Amino acid sequence: MTPRAEPARQPAAGTETILELQGIGKNFGGLAALAEVSLRIHRGEIYGLIGPNGAGKTTLFNIISGLYQPDTGKFTFAGAACTHRKPHQLAEAGIARTFQNIRLFANMTALENVMVGRHLRTHTGIWGALTRSPAARAEERAIINRARELLNYAGITRPHQTLAKHLPYGEQRRLEIARALATDPLLLALDEPAAGMNATETAALQTLIQTIRADGVTVLLIEHDVKLVMDLCDRLAVLDYGRKIAEGEPATVRADPAVIAAYLGGAAVSEVAA
Amino acid sequence: MDIFLQQIINGLVQGSIYALVALGYTMVYGILGLINFAHGEVVMIGAMSALAVSKGLLSLGLPVVLAMPLGLLAAVAICMALGYTIERVAYRPLRHAPRLAPLITAIGVSIVLQNLAMMFWGREYHAFPPLITSDSHQLGGAVISDLQILIVLTALLIMAGLLLLVHRTNLGRAMRAVAENPAVATLMGVNINGVISLTFMLGSALAAVAGVMVGANYGIVHYYMGFILGLKAFTAAVLGGIGNLRGAMLGGLLLGLIESLGAGYIGDLTGGFLGSNYQDVFAFFVLIGVLIFRPSGLLGERVAERA
Amino acid sequence: MLRRLPDILGRRSRLALTVGAALLLLLPFAVDLSLGRGWVRITDFALLYIMLALGLNIVVGYAGLLDLGYIAFFAVGAYTYALLGSPQFGLHWPVWVVLPLGASLSCLFGVLLGAPTLRLRGDYLAIVTLGFGEIIRIFLNNLNGPVNITNGPQGISRIDPVTVGGFSLGSAHQFAGLEFPSVHLYYYLFLGCTFLVILVSLRLEKSRIGRAWMAIREDEVAAEAMGINTRNIKLLAFAMGATFGGLSGGLFAGFQGFVSPESFGLMESIMILCMVVLGGMGNIGGVVLGGVLLVLLPEAFRHGAGPVQQMLFGKILIDPESLRMLLFGLALIVVMLVRPAGLWPSGRRQRELTADDGVAQQEQETVYDASR
């Protein structure tokens, strides 16, 4: 089973890049949350974004998902300029995300949450809703089936009609992922998906993310769990005070003195030594 | 053009009244994020009770110079008690309920107050005595009366006093802290409930004064006078920037001017199609315009951080 | 839930439904005989307001948009009917043209109002819609000069009654040997329309659009991030609500035969909002209950308050009208304090309002301890 109902759309021919940021800057009041951030994410990779708290990681997420507009710079996604698009347009283009502080539809069931994710790729309108035409009913069945598939794919074990706010924490995180996958994204941006999880849950999450990638979705990941990031990511970027201070494969980044100084500190030294 | 100055004067007078009422709305919204729908009714109660008390004192034989001020003081006290009660009974229990709930109770309080006033004082218009002598002065083609001067000066004085209170006293600092971030203010030892109650009482006191001014300015008071006035004053608060004290003052004065000039010139502007009976519509158009084009108001809004 | 009852309970509830349907059909005669024809008329008004409340339920209950000026759409529908079917302009257009026209015009107003304002946060939207409602009322009240369009405060009277299939509901008719007075005929028309509106509401609620509305109500930011064009979807809710308002307004004008700006004020908007909120927001049964209570109770009160006071005190102490409004205001306060979800909330809404963190809280704590 794939996380995508339709075949992955091809980005502009001849390039492997799916998301490119050029010189992105964002100010809040006098504070530069991001400055001169440029990076390039390749199709099919798992790309990590790490850095101390306040480094600007979630701000970057908010920009590529359209919640914020950058003050400087631009970004392209799947070959198209996307800098000033609204969130729903970016979702339509193929960027889906989860949130650092889970933002599920708390009083809707797990199934309904994922069904809402299917809204984007379906089109029954008022007329269809009122007449319950065969096409409308067929689409509704398809939505339900797809939603159930995704709930299983994401490993939700509780009954599908459980209210989202009644799910255990780990399942809430998975539900957010399932909901995001329902939009058939090309790029899945996960904001601290492992936060608050124990070792077992984190391992299961790692497997899920690898499966998602294997099924054709590029993954962009913000995480503080260093081990998870090092194991999972093909490449990383490190942000500190809004600037990118390192980029590359995990081993390279881990040994980078600037990164060690800013973020990893003693832990990296002991890891390198071990 | 000959009515221009007169409309300016009238507008400033009306605007001062709006400003005083707007302050009440803006302080409460800044702290609680709640539109105190009942505030307009408090203005009305202020006017009506001032009249009732003054009349009562007059009939007991007190001279006018004593009866009127005492009536005003009584109105202030009554309104402060009323403001306190409203907050305790209708808003405090719903502080964590969804936004719709306190809005509905606010509407309920507004209806209750209107109808209590109607039951006590009837549906008629009551004559309100002029507070001072009706001397007027010429000013470049326009007329300004002593009363109008008194209203504007009093309002300015009160506004200055309020700013002083909020920016130079401990209490004011506490109020600003609660308006910024109630959770943290509690941690710093501020008595949130006390500050909130005080904010309501302060706003209600201003409302009482405004009520008396309205009565004196128009010569009549009426059980329904609070509703439209409240709506317009809220518009003024939004115009200036909700939660922002200076904004409420500016917004009030501006709204008064817009209304006055608009009513004065609308006949000319629309070739006679619309008359000054459309005056009330101005406030609403201003409101819609502000919210669409500059939702944070002229001076910026100051609302508490809510997670 | 109501719909699935027949499937769950089988024959017994099919019987119950049949009995219920029969009761509804016989109601006007029963009321006429026991309480008098005036009360049948009140029932007809109740049905109209229930339709209105159901329309507002889409806006407030489903999409979570606070509209305090909903009566404006009712007014547009009513005045459209009045202007096109009365001596005012001498026009007497057929009902089947005028009703949809009024509904469409209301829909247009809804879109015009909503387009710039639906992005405002909750309380601001409330005030703006309130202002809009007042603007409509002021214009209706004043557009009698220099050109007389709405006839100002006097309103428009001698409006054509609703005609269905050639015969007018304004006069009595004979069917199968039974005499059906005008108010009874209107009752059946409004009952049919109400069921139509209920059906539409149910279908919308359980549809892709209904889910999108609910998602927006829950968390607009997340909804937009999931690809929902929140602006358009909200506009859709507003437009649908306005359309129902306009439709009800047209029926109102035909029924009452007379419209004036008095019937379209803020108090009316608040009344409808209260039907939705007090009855049970988002729950069709609750809204119907709210409508029934808020039309019938005040009427019962109006008829009874005078005599009761006479009985108790020997004279009228308090004007029944003020007393009625006073109690209404108190009821608003009390119900919100005691049952903020309304008298008959949807199960979902009840859950929304209980401070219920469920399993998540405990799980989170255990996880935290284990990993650190």
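Note that the chains take the letters A, B and C in the order they are written out, and that residue 1 is the start of every chain.
The rule we apply is simple: a contact is a pair of C-beta atoms (placed from the backbone, for glycine too) under 8 Å apart; a residue touches a chain by one contact, two chains touch by 3 or more.
All of these numbers come straight from a predicted model, not from anything done at the bench.
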Pairwise touch network: line, ring, star, complete, or other: line
Label of the chain whose CA centroid is most distant from the centroid of chain B: A
Chain B and chain C, separation of their C-alpha mean positions in angstrom: 33
Rounded Å distance, chain A centre to chain C centre (Cα mean): 43
Distance from chain B to chain A - Cα centre to Cα centre, in angstrom: 49
Numbers and ranges of chain C residues touching at least 2 other chains: 352
Multi-chain contact sites of chain A, meaning residues that touch two or more partners: none
Sites on chain C touched by chain A in the complex: 200, 203-204, 207-212, 214-215, 218-219, 221-230, 236, 240, 348, 351-352, 356-360, 363-364, 367-368, 370-371
Residues of chain B that touch chain C when the two form their complex: 33-35, 89-90, 93-94, 96-105, 107-112, 114-116, 118-119, 227, 231, 234-235, 238, 272-275, 277-278, 280-281, 283-285, 287-288, 291-292, 295
Residues of chain C touching chain B in the complex: 60, 66, 116-117, 120, 122-124, 126-128, 130-132, 134-135, 138-139, 142, 145-147, 266, 270, 273-274, 277, 281, 318-319, 322-323, 325-326, 328-333, 336-337, 340, 352-353, 355
Touch list for chain A against partner chain C, complex: 65-67, 86-88, 91-92, 96-97, 99, 103-108, 112, 115-117, 119-122, 124-126, 128-130, 132, 136, 139-140, 143, 163, 165-170, 172, 179-180, 182-183, 196-199, 201
